[in-house]
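Just below sit the structures, each encoded as structure tokens.
Shared between the two complexes below is subunit A, which pairs with subunit B and subunit C, respectively.
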Partner chain A sequence: MKVFFHALSPTLESLSAVSGSHPSSNSSRLAVETRRLTRVYKTRRETTTALHDVDLEVEQGELFGVLGPNGAGKTTLIKILVTLLLPTSGEAFVDSLDVVRDYKRLRNRIAMVSGGEQAGYGVLKVREQLWMFSQFYGMDSKAARRRIDELLDRLGLAEAGNKEITSLSSGMRQKMNLVRGLMTDPRVLFLDEPTVALDVGAARDVRSEVQRWMAEDPTRTVILTTHYMQEADELCDRVAIVNRGRIVAEGAPRTLKASVDEDVIVDLQLDPGTPLLDRLRAIEGVGAASVREEDGVDRFSLLLADDAVLPRVMTTVEGAGRRVSGLVRRQPTLEDAFVKLVGRSMTEEEAG
Partner chain B sequence: MSAIQHAERSPLRIFLKTIVARAYPRVVAANRHKSWLFLDMALPMVGALAMVLVYQGLHAPRQYLGFVVMGGAMLAFWQNVLWTMGAQFSWDRGNGTLELMAVSPTSFEAVLLGMAGGAMIMTTVRAAFIILIGSLVFNVTYTAGGLLPAIGVFLLTLGALYGMGMLLASLFLFYSREAWHLGDALQEPVNFLSGLYFPVKALGIPAGTETLLVAAQVPIFALLAGVALRYLESRARKDGKLVTRWE
Partner chain C sequence: MGVAVARQLSGYRAAVLLGWAVSSNWTRPILFIAYSLLRPVSMALILAVMYTVITGNAAATRPYLAFLIIGTAFWSFIQEGVSEFANGILEDRGRYHILKYAYIAPLGFPIYLVGRATSKLASAAASVVIVLLVGAFALHLGINPLQIDYPLLVAACLLAFVSVIAFAITFSTMLLAGRDTNGYGDIIAQFLYLFSGAIFPISVLPGPIAWIASLSPLPYWLELCRRAILHARVYQMFPNMSDGEVLLRLVVATAGTVLLGYILFRFTDRRARRLGHIDMEVNW
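The block that comes next holds the complex of A and B.
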């Protein structure tokens, strides 16, 4: 596995060492490569650096996740890689083609599917809609129709193929969008939050089909952006965690989770009361803390240096007059790795 | 599952297939719902009826009724150019279709040509219905003389109109709400020149000159549409927003 890690802090350097990173030496097998990729948005009022010196290497055949909170720069990265957006500086290659100079050739080799997509024309039936998009790639009509039928069948949409797209549920619609992405057999498939707002069953079907499609050909590559850490954990060979336009960590999910292996991770559920987050963070031995309000209770996630920190946490909670309604010690997740790296939860980062 | 042999297809092949594919929703699918009979035919007929009643009230020659029916039919093309050509890219952008077109190897020219071709066929059917029903209802008769020149001028007019529609598609995308105002602003001059309100020959322009003016617009609008599309693509990649869906 080749990982080029852009170090930002001593913490991250140590994580890079864990993941065994080193620069690429064989670019011909790379599906995606970026070098110091930067994108700056300028408006009359402000200048925002959405991507800052991003170095990334994804090998052919990898299912690579780009994780991070909303506004982290994930979509900007994808837009550059699919040739929708020019970088301000730096370089990016997809399937060995320069996204700036060779974008016309590159568009033959890629496809993009986004979550919540409503593209197409309501007057068209599912098969007609998919056929129309296949023609934008110059596919032979017969081959396209055969391929569409195969994919619809695999995704359980064979009967829905003759329905107008406006009659589809959101789950069926997203499966149809996935068929659109797969039918042209792209070298690199970009999935931008593909399961957002889907029910559990539809999300599972989408994930299964992506895995099955990749298994058919070891050179197929998928770049997946998501803020569902569990999805990335389940699907991805490797992930890059992006925050504020920078890659803050990169490696296999297992490797990233290992960075919090030595911590004691505790979920603490408290009834509503006085704010407590800053006081918990101030306790010696609390590596990171985050909170989210859910179902009328505050759910804290704490990364503790060891078990001995827990009594101090409980003392602080009691001192604040908060009542504990649940306490669970659990295995680390990618979200915990994010919290440890960034110091705040994704939700807090999104809030600014 | 049969794996598709991956090959880069020729730009010409993609161009031609895109034209057919993009015309398809308009030629085939748009007739699936019969609401067009009301929206695209009955409503234009109401406007024509008003003018017919005015002419009848003024005891105008019967041939004027023919002008009104023909003008009403041509207005169907104008409405089509304005709202389903000019505004189409804006709608396509809103639902994410334009973004997917931009990521694909096709070109916006091919998309617009397909859109225009499909729209022409669709609207010609509607216009023919308007002429047929209008002629029956208002008892309008036509003479066969001058039919070929009339068809020639009609085709030139379509070329100019849909060339303008292709240009408007980019302009609507660039200027958004301002462009909608432009569309509104163009409505009355087009009504004026369409022959709906009065016989166009009353303007005193010789028929040959009129034909030349229409013919000249065909390459001009085609050229301007091409320039606008080049600019559209370039600017879209620079700012990253022009063709991407609203979020």
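The block that comes next holds the complex of A and C.
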């Protein structure tokens, strides 16, 4: 049974506060623990704080999501946890080992797969590259070959196993990289945006395999970074929402969505016209508003305090001369929770 | 302990196979073999022609031709070693995007790097034999396999091998700091070529540079190789030193190189982790 250390409540205040102190008595059961983890990048021109006092606890056996816009600090967190990058200050432990001091021992227990990159030796065949990595992890050669065949088969790559990596599609290459991460049976697997730039089918295969791999052994832990809200919602036991290097909320997706349960969530589709976002945000009772342009129309998402706010919204829209082409009231998503916590959508955050 | 060593060896073997696959896959096997044979032969013949034009192939200068050819033959170890370590690490990061995965694997980064470069070092060993054969049969240098002092040759080469690897690992890890460091391995190899006593004695260098060169193991290694193969029939860089004295200097210089390499590697490795160089986006 998973034990969550933070008493989560659906209120915004408590969601923001849960990233605070952590009892250390249960640390032996933690797959990942960070304490005031901070990472600062300095160049001649600027100083950027990618992670700011991040406190995180992930239980063994959890599929834990780190959710946030591009540039939020997700990849930096993963890099520190897999011993690629040193923190500027603070501490981080994976499987109870310090990522700075015990990094050599830790490397036997972890694996990482990053999405959105063309990683792989093009001149090698798929099985050759996977076998090579199995040897870097000290696996028995025959056992490694069996495991590779099994995983390739499960991911629909059995025939591609004897192809050169250069001939693989992006989706196939990403699946191959997932096999690389899974085959060594790490105690903690780090997946950094594993489905980014994949087509729907390939992304679904990757997600299914991750779930199946987790189900095989309840002690396995996965840390998944993503900026796909739906992916986090579908896969993760718990999620930390990260923005500008800080954890702004943490909890089960259901709990996070519950933070916007009392709001009325409306999607408003408008034909192009006068900018409206700031005027909508200024309406009393509009908790948060975001907009994205899609297929030539503006799609607004509004969090309203109650139904009585909607007429005021419509009046403002009409006053701006904008034509409404669609209006839907819907269930809350993690994106809504993010908007409520941060005040802006992930797309707006990414735009800076 | 035994299991751990066996695991390291299997990882090393995989890295060797990787290095071979990457370095030999750019063309068909027959062309690769032809290239591997012709490159050292043409290098030796070019030097021999230059020597002949300049000296008129006078008998008195024959010991210097032997100096030149043997130095050039063994130089390929350094050329291939230094450049392959550097090219391998940069290629894995910039071209294949795989360095970070190899870096965090339990095998150990230095072992991975050595394995990755081993096939090139092996082809360098083959090129040594080829150039020496050219020296023996085409240039009539008087090389007799039965008269070679093999213990001295092997001892010298082992020590040089250790120091070249120590230097190459450290140097290649340093290159991770840059975004445009492709080709630096070849540049530094050429730089070392001038200061190692491969084609001229280090005593002809300006005083301070000659002193710096004398701290390197390379001149002592090449001197011992020449003496082991041709004894007194080759021009000597250190005529006042016995074989034992040159060997001692090689041992001391190798120990210094390894110690310095270890310290610098620890520093550069940590710096690479601190500054995020291992998976840095680079211009490739």
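What we mean here is this: the second predicted complex is superposed on the first by the 329 of 352 C-alpha atoms of A that agree within 3 Å, B and C clash if a C-alpha of one lies under 4 Å from a C-alpha of the other, contacts with A are read in each partner's own complex, and residues count from 1 in each chain.
Definition applied: contacts are C-beta pairs under 8 Å (C-beta built on N, C-alpha and C of every residue); 3 or more make two chains touch, one makes a residue touch a chain.
Given the structure is predicted, the values throughout are model-derived calculations rather than measurements.
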What does the overlay on subunit A give for subunit B and subunit C, a clash or a fit? clash
Applying the touch criterion given at the start, work out whether A:150 contacts subunit B, subunit C, both or neither, answering first, second, both or neither. first
Check the residue A:216 against both partner chains and state whether it touches subunit B (first), subunit C (second), both, or neither. first
Please tell me which partner, subunit B or subunit C, touches more residues of subunit A. B
Tell me which partner A:187 touches in the superposition: subunit B (first), subunit C (second), both or neither. first
Once the shared chain is lined up, is A:120 touching subunit B (first), subunit C (second), both, or neither of them? both
Give me the intersection of subunit A's contacts with subunit B and its contacts with subunit C, in residue numbers. 41, 79, 82-86, 104, 107-108, 110, 112, 114, 117-121, 123-124, 128, 131-133, 135-138, 180
Using the touch definition from the top, list the residues of subunit B that touch subunit A in their complex. 1-4, 6, 8-11, 13-14, 17-18, 20-22, 24-25, 28-30, 32-33, 95-97, 99-106, 111, 236-238, 240, 243-245
Would you pull the subunit A residues touching subunit C in the complex into a rising list? 41, 79, 82-86, 104, 107-108, 110, 112, 114, 117-124, 128, 131-133, 135-138, 141, 180
Quick check: in the complex, which residue numbers of subunit C touch subunit A? 7-8, 10-11, 13-15, 17-18, 21-22, 25, 96-98, 100-108, 112, 270, 273-274, 276, 278-279
The answer for subunit A against subunit B in the complex is residues 41, 76, 79, 82-86, 103-105, 107-112, 114, 117-121, 123-125, 128, 131-139, 143, 146-147, 150, 154, 180, 184-185, 187, 216-217
